[in-house]
Each structure stands twice: as C-alpha cells, then as structure tokens.
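Labels run A, B, C and D following the written order; every chain starts at residue 1.
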Amino acid sequence: MLDADFFRRWMTAAAASVDREADRLTALDSPIGDADHGSNLQRGFAAVAATLEKEAPGTPGAVLVLAGRQLISTVGGASGPLYGTLLRRTGKALGDGAEVSREQLAEALRTGVDAVRTLGGAAPGDKTMIDALVPAVDALGDSFAAARAAAGEGAAATTPLQARKGRASYLGERSIGHQDPGATSAALLVAALEEAAGE
Amino acid sequence: MLDADFFRRWMTAAAASVDREADRLTALDSPIGDADHGSNLQRGFAAVAATLEKEAPGTPGAVLVLAGRQLISTVGGASGPLYGTLLRRTGKALGDGAEVSREQLAEALRTGVDAVRTLGGAAPGDKTMIDALVPAVDALGDSFAAARAAAGEGAAATTPLQARKGRASYLGERSIGHQDPGATSAALLVAALEEAAGE
Amino acid sequence: MRMLINVPETVVADALRGMAAAHPELTVDVENRVVVRGDAPVAGQVALVSGGGSGHEPLHGGFVGPGMLAAACPGEVFTSPVPDQMVRAAAAVDSGAGVLFVVKNYTGDVLNFDMAAELAEDEGIRVAKVLVNDDVAVTDSLYTAGRRGTGATLFVEKIAGAAAREGRPLEQVEALARRVNESSRSFGVALSAVTTPAKGSPTFDLPAGELELGIGIHGEPGRERRPMMTSGEIAEAAVDAVLTDLAPRNPVLVLVNGMGATPLLELYGFNAEVQRVLGERGVAVARTLVGNYVTSLDMAGASVTLCEIDEELLGLWDAPVRTPGLRWGM
Amino acid sequence: MRMLINVPETVVADALRGMAAAHPELTVDVENRVVVRGDAPVAGQVALVSGGGSGHEPLHGGFVGPGMLAAACPGEVFTSPVPDQMVRAAAAVDSGAGVLFVVKNYTGDVLNFDMAAELAEDEGIRVAKVLVNDDVAVTDSLYTAGRRGTGATLFVEKIAGAAAREGRPLEQVEALARRVNESSRSFGVALSAVTTPAKGSPTFDLPAGELELGIGIHGEPGRERRPMMTSGEIAEAAVDAVLTDLAPRNPVLVLVNGMGATPLLELYGFNAEVQRVLGERGVAVARTLVGNYVTSLDMAGASVTLCEIDEELLGLWDAPVRTPGLRWGM
C-alpha cells in the first residue's frame, strides 16, 4: 500500500528529476515550441517540494491536490494548468484514505488523465503529454516499472508525429521529427513513481 | 601644361578608383570609424563625374570648383566638406586660365590643403587625410609619380598613429594600428592625377 | 549571451521594478506581478485586464492606463501568467461594472485565464472574455491549436479600452472587442531567431540570408523557410497572406509592427512597401501605426496587421489614450 | 545580412516614404530629404532644425512636430546630411523669428551645419546654433574631436522646442538649449556591434560574453572592452562615469535609452538598477524616460543620460509635445 509519504517521495523525486533534466526539456521545446518547458516545470516542482515540506499533508489525496494547486499557481503556460489538473484530479479521485493500492492509484490517475484530455482537448497521437500518460496508466496495473517503460516509449513515439495541439501544432509538418517536450516530462513524472517506490 | 580636359580626366579617374576601392575604404572605416567612407566617396565622385559630363566647365579652375561644390552637396559626413573644400579652394586658386602648369597646380593644391587644415583643425600626425595630402603637395613639384608615392607613404604612415581628429579620435589608443581611411582615399585621389597625366 | 540582465531568474521582477520607477502613474505589484492603473477602480467603467508571457513589451504592461487596459499580468518570459495574477488584477480594478479578460489564443493563456475567470466569478466579479486570434499563418482547424493572437491584441485593447472609458456596459465592450478581433488579421516574418534569458542561445538556427515566413511571437519557427527576400517582396507576401482571410471593403487600420531588433529605419521602409501593396490591392488605409508594439524579445523581423473599421471603430481608435506604450490626446 | 530592406542605396528614401504614409501631419520631402511639420512656418515661433546621419531613429525625424523640432534633415546611414538639406529646411520653417540649428558634435555634422548656416544667412535667415556634446566617454581635449552628442539631444530638442512654442525669442531659446546641453551627460555600452546596410556585416567583432564600454551611436567601438557584466554592474559603471563629470545638486531627468536591439524588458530591468545606483549616490530623480530614442540601428546595448534641471526646465519638459517619437499632453 502507498501512504502519504510515498506520494511526497514521488513529488520530491519528480522535482529532482525535472531539475536535472530542465535544460533538455527546454532544448526539446526550442525547435517546436518556445523554449520554456524546462524552466516552467523546474519552477513549479521546486514550489511543490517546498510546500509539501512545509504543509506536510497527511493523505495521498491531499498531497496530490496540494501539489496540483501549487503547479497551477506557479507554472503558467500550457503545462501548468494541465499538470496541475492532472495531480489535483488524481488526488481528488484518491479520496481521503490514509493508504491506497497501486491499482487504486492507476484508476485515479486515469481519472486525472481524462481530466487533462477534457481540459486540453488532446487525443492520443496529437503529440502531447497524453501520448506518454495514457500508456503509462494502462501499464500501471502491472507495475511501476512497466508504467515507466510505457511512458518512455510513448514519449519516444511522439517524434514522428505531426502535432495537433499546443504550440508545436503551429509548425504543421515541420513539427515532425522532434520529440514532444511535454510527453518527455510526463515520462519523467512516471519514472519518479518507480523511484518513490524504491523499486 | 594641364587643360580643363586633364582635370576632367583627373576627376573621372578618381571616381573610377574610389568606385573600385569603395569596399576597402569602408572596411578601413569600420574598426576606427562608422563604416561609411567608401560609400560616401563613391556617391560623391559618381555625382562629380556625372556633373562634369553634363556641364563641361571650360577651365581647370572651373572644373575643380564645380567638383568641390558637388562633393559638398552629395557626400555629407566629415569627408564631404573637407574634400569639397579641398577641390573648391584649389580650383579658386587656379584662377580662370585655360591651362596651368604642374607647378601652378602644386601651389594651388597647397592653398586647398591649407583650407582643409583650417576647416578641420587637423595638423600632420593627427591621423587624417592631411597626412597623405601634405607630403603629396610637397612632392608634386617633382612629378605626379613622386606625389603618388609620397601620398601612399603618408597614408601607410598613419597606421601606428593615435588619431586626434575625426571619429577615430574617440577610440584613444585603440585607434593605433589601423590605417586612416581618409588618408587612404586621399592617396587614391593623388594617384588619379598620374593616371590623368597618362604617365 | 548578449543580455542586459542580472540573472535570468529575476528578469521579469527587475523589469517591473524599473517600470514602477519610470511610471509613477501606475501601481506595480512586483511580488504578485500585476500592473494596475494608479486610479483603479474607476467608477462606472468596465475594466480591461490582459496578460501573457513577458518578452512582448510594450504589450501588455505598457498598455495600462486611461483609455486602454486597467491592469496587466506579466508571466515569465514567453509563459502565460498563472490564474492567481488575473484574479488579483480583477479584484483590484473591478468597479462593479465588470471585467473583460483580453486573452491571446495560446493553450496556456486560454487555460490560465479560464481558471482565473472561474475563481474571479466565485469572488463575485462579473467576467467576460474575448479571445484574440488574428494570425493567418496558422490555420484554424482541428489539426492546430487555432490561430494565434498577435498584433490585433493592440487594436482590441485600444478600441475596447476607449469604449470602456465611455462607460459602455460589459456586454457592449465585449461585443466590440470581439468585432475588432474578427475584423483583424496578421502575418509575421522573422529575419533572426530569438534568444530567451533562460535558454541563453537562439531558439532555432536561422542562417543569415534566410528568413522564416509565418512566425509567431514566441520564438517558434514559422511555417516556411525561404531565401532572403526584399522588403517589397516580404510586404507582398504578408499583405497577400492577410488578404486571403480578410477582404476589407471599408478602410483599414494598419499596424506595421517590429519584432524587437529591426531598426525603425527599416520598419518605416517596410511600411512604404506595405502601403504600396495595399494601394495595388485596392485597400484604403485610415490610420497607420509603425513601431515595436508586440515584440518577441530580440527577434529581427516584422508583422503586418490589418483591421477593417467603420466610423465607430475609427472614433474609438482616435480617442485619447495615455499609457507608457501608446499615448495621444492626453 | 538580416535586413528588412530593398537595396542599401534606397534605405533612407524608403524610410521617408514610409514615414510620409504613417504621418500625414508631417510634410516629407523624400527627394530632398527634409521632414517638416505640416503647419510650418508657425508665425512668431523660433524654428528648431536638427539632423544627422540616419540610423538613430526616432531621432531626428521622429521628433518633428509641435513642441519639438520644426524640421529634420536625415543624412545617409551614419553620415551627416549635406548643407543643401539644412538650408532648404531653414527656408521652409523660418517664420521670421529665426532658426536654431541643433547639432550633435561630430566633425561631419559640425562642418555641414556650419556651411548651411552661412548659406542660410546669405538668404536672410537668422540662424543660431547649439552644439550637443554630452558623452563623457570621450574626453573633450586637443587630442579628440571633442565629446560626442548622444542622448542629451532629446532633452535639448524637447526643452528648447517647448520654449520656442511659448514664443520666446531666438537668443533665449538658444541660451536655454545651451544650458540643457551643459547640464547633461551620457554614457553608453554595447553588447553587440552594429551592421550598416552599406557594409552588410558587423562594423567590429564583439564576441558574445564581452561588452564595449563608452560607445557612441555610430557603431564605433568603445573606449574599453570588458568581460560581460550584470545589469547592476553596468548601471554602476554608466552612472558613475556620468557623475564624474556632472555633480547634480538639483533633481535630474533620466533617459535610459536603448541602442536598438535590446528588448524593452531588459531596458526596464536596467532602469531599475540605474535608479538604485542614483539613489545610492544621492541623486534625486524628477522624471524618467525608458525606451529606444537615440539608437544605433540594430546594436544591442543602452545608454544613460542625466540632465540636471530646475523648475523652469521641468515645466518645459512636461509641456505638451506631439511628434511620432515623443508625445504627451496633446
């Protein structure tokens, strides 16, 4: 079972990973975006980590709701509301139990991803974070490792796609051949789950 | 003896030479100036050549006075009034005879150079066109070839100097090590005399 | 990095401090990143609130003042602001007559302003929104995030701002803003890529001697790369692109807008060509504005925006305005 | 070449055509290169005429209009205009009250304006001249062409222009202009070299990560090259350089001027640092102007100009002005 501490470790691991990879995320956001994805998430997850340390919410749901709100309040751009909504809605779906199972998390995360799809209007194949999140949620029933692998593959698979949502869509065919920065950061977020689980 | 035709040939040769060397003059004006000396003189001497063709003044003096006025009206910058004054005052000093000797030209040119010194306030060694003009006038009594050589040497000798007049003086010691563009164009002007003489 | 900055992290805060010092008539909340006209809220007047990523100055902070915006919310460089900023701005400027959010059509701006609108309404503020989407380089279809908001933002903010100043009700100001947007189209070109403080190097590689056609204002590449064109050829490409989507029968307002690093000397020369092409295409020009208004940091290039107008819109355009970036009549 | 131009030869003429189209309130003589306010000559008013090389826009053409210049004479890029232009301008604007030539202290400008003054006086026009020489990076000595005219030109043109509009006589306007110049000092830095249309490549080589201190506005290198500094360090260097030569006991006008390619976002941030340093040095600030006013084509960088003022000068600074580049109160 996964307790509040696991979810705090998840967010801390995500913050560290985003911090390490910020330059790469921004570099991915340069040819098909506006070169800010790395610094956006770096700022946001640093704020999340700081808030979680200070407020120390006691349930898995409360951790994610607080993290999501913090992202909304500090990131901006497209990824702020989208990742913020992902965590907030996942957190709400987790309810207020003190512990949840991996299966419950997978189910709640599916609700969160659906909320992101509704908010942003992106479908799989549109070359967005959705392309890493959807396969990750599907694989999460199996294991954290499987989810990590699926998210990474989903992110890599965005390279040949033509973007239909977000900034990259302005480029039309010129968006082909570049990996989507948001799908890449989504894969980092999923990989951080495995880290938090210590697997 | 030198007739109006000789002076027209001088100006035409100067125009051709400035046109050929415009990029070099502008390049010299880049590290210690504002990168316009070549295009300034190119514009000015093209206008001189066109006007002389149209108006065909009949005496040496009239050719130079007209050429000088034309430079003043078309060049701008420091070199426009200075070269314009040089030719205008030289032309005036030549009087209205139909022919002049090389010695008379040398004397008149000295008057013209003096007018430039008065107007611009530059003395020899200040790293300006004066550094090519003064030795040229001194040597003109000997021959056109001697004047050409003296002007060329005078221009080359500006390289180690620190500028005390014109734009290059703003650079202080950083003006050292660059040949002065105006001294370089003055040497072209003097060399064109030899060409006009067909020597 | 050729930047006049301290560190990338404080660029926006530093700029706001500098704005506060230069413009005592504005109230600049540096910590919360809100620029408000000093006399807000103004009784009986609808308040326009806009915002977006920084790096497009004078847009939007430079358009705060009587006759234009009541407040602006600057985000990080090229990053939409967060909802907290817009909620705070709305609360500061609402006189009870309601607030109009002017939102450029980018996913980030739309999502953040939408969240802000919900939160502001929860606080009892009446909020209307207008989306600006004038850039014809992007096709408005299922396969894109929709046309981008660029130069028309200035027209929307100026004209709706003048209507607000006249005391018109929220619904009218909103409708007018929407009409200005629908009557406006833009097209931009870049002669160089842009360098953001956070990245420190150009966002894409554009060799000298080539240009990007159909660019936005966030340093993203355009739809097409071409060998360098003359000012006249660029004017033809830009105007004709705009006119494929807008067929004005009335006179137009023209904005010849610099992207930041193109000298005014070149912009005026470009305007001469734009006017020539408009004349050849039979488009009558009512007013022309030339300058750096909706910029993209240090990008070289320009955009052309046309807005078809009638007597009402022209009167509102000519009405007095007093902001750091646009000022006349007062 | 990253330029929005047709061919280098027509850059100035093209810009004048574009100015004419954008500003119907001005009379632009493209062939003879004179920009005149549309209602000139204005009876009973001294007329200010300025000019200089092009590439510094909005200076000078953008400062033509009520409350500032009566006419401007643009030369080729970075090349002083020819006397014929100033004579023509003087004849167009002289109402009988006389003409004041505002001349930046460069050999070319001085010589050409001097010749023009002689010719205009031959035509019966009363001409006075004021030399602007505010740049402290150049020592005013026998070993230089004297301090350059840079940012203070804007202060001189605005304040003397306001005095002329009040109907003051030529001697008074001239004396006032001289006083403004003597009360003003500037210092500039470049973060990049400039590319002129005629040359097509940077005038000097400035590697990223280095800057030039003490530059002029013609793309010439500065007095000193240094490794990159922060905005705060640059503000200290610039303000302190100015204050070695000007020890204001009264409040100052501050111009934080962009050289052309530095984004407004950075300029405002730089202004924050300039204001901090002024505060630390005990200099009181009356008004601050931030923007691209006296530029050097596409050069990145900025300059700081201070002008010590009294009540009279402040009143004239605040007086209404209506030009393309500077406008308030009308």
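Methods note: a contact is a pair of C-beta atoms (placed from the backbone, for glycine too) under 8 Å apart; a residue touches a chain by one contact, two chains touch by 3 or more.
Just so you know, these numbers come straight off a predicted model, no measurement behind them.
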item	value
Chain separated most widely from chain C, comparing mean CA positions	B
Where chain C and chain D are represented by their mean Cα positions, the distance between them in whole Å	29
Centroid spacing, where centroids are CA-atom means, of chain B and chain C in whole angstrom	53
Averaged-CA centre spacing for the pair chain B and chain A, given as whole angstrom	72
Per-residue multi-chain contacts in chain D, two or more chains	77
Per-residue multi-chain contacts in chain A, two or more chains	none
Arrangement of touching chains [line / ring / star / complete / other]	line
Each pair of chains that touches, named by its two labels	A-C, B-D, C-D
Chain D-facing residues of chain B, complex	26-27, 30-36, 38-40, 43, 72-82, 119-120, 162, 164-167, 169-172, 174
Chain D contact footprint on chain C (complex, rising order)	1-7, 10-12, 14-19, 21-22, 54-55, 57-58, 62, 77, 191-192, 208-209, 228, 230-232, 234, 256, 260-273, 275, 285, 288-290, 292, 295, 297-298, 300-302, 322, 327-330
Contacting residues of chain C [partner chain A, same complex]	8, 53, 75-84, 106-108, 111-112, 115, 137-138, 142-145, 148, 196, 198-199, 203-204, 216, 218-221, 223
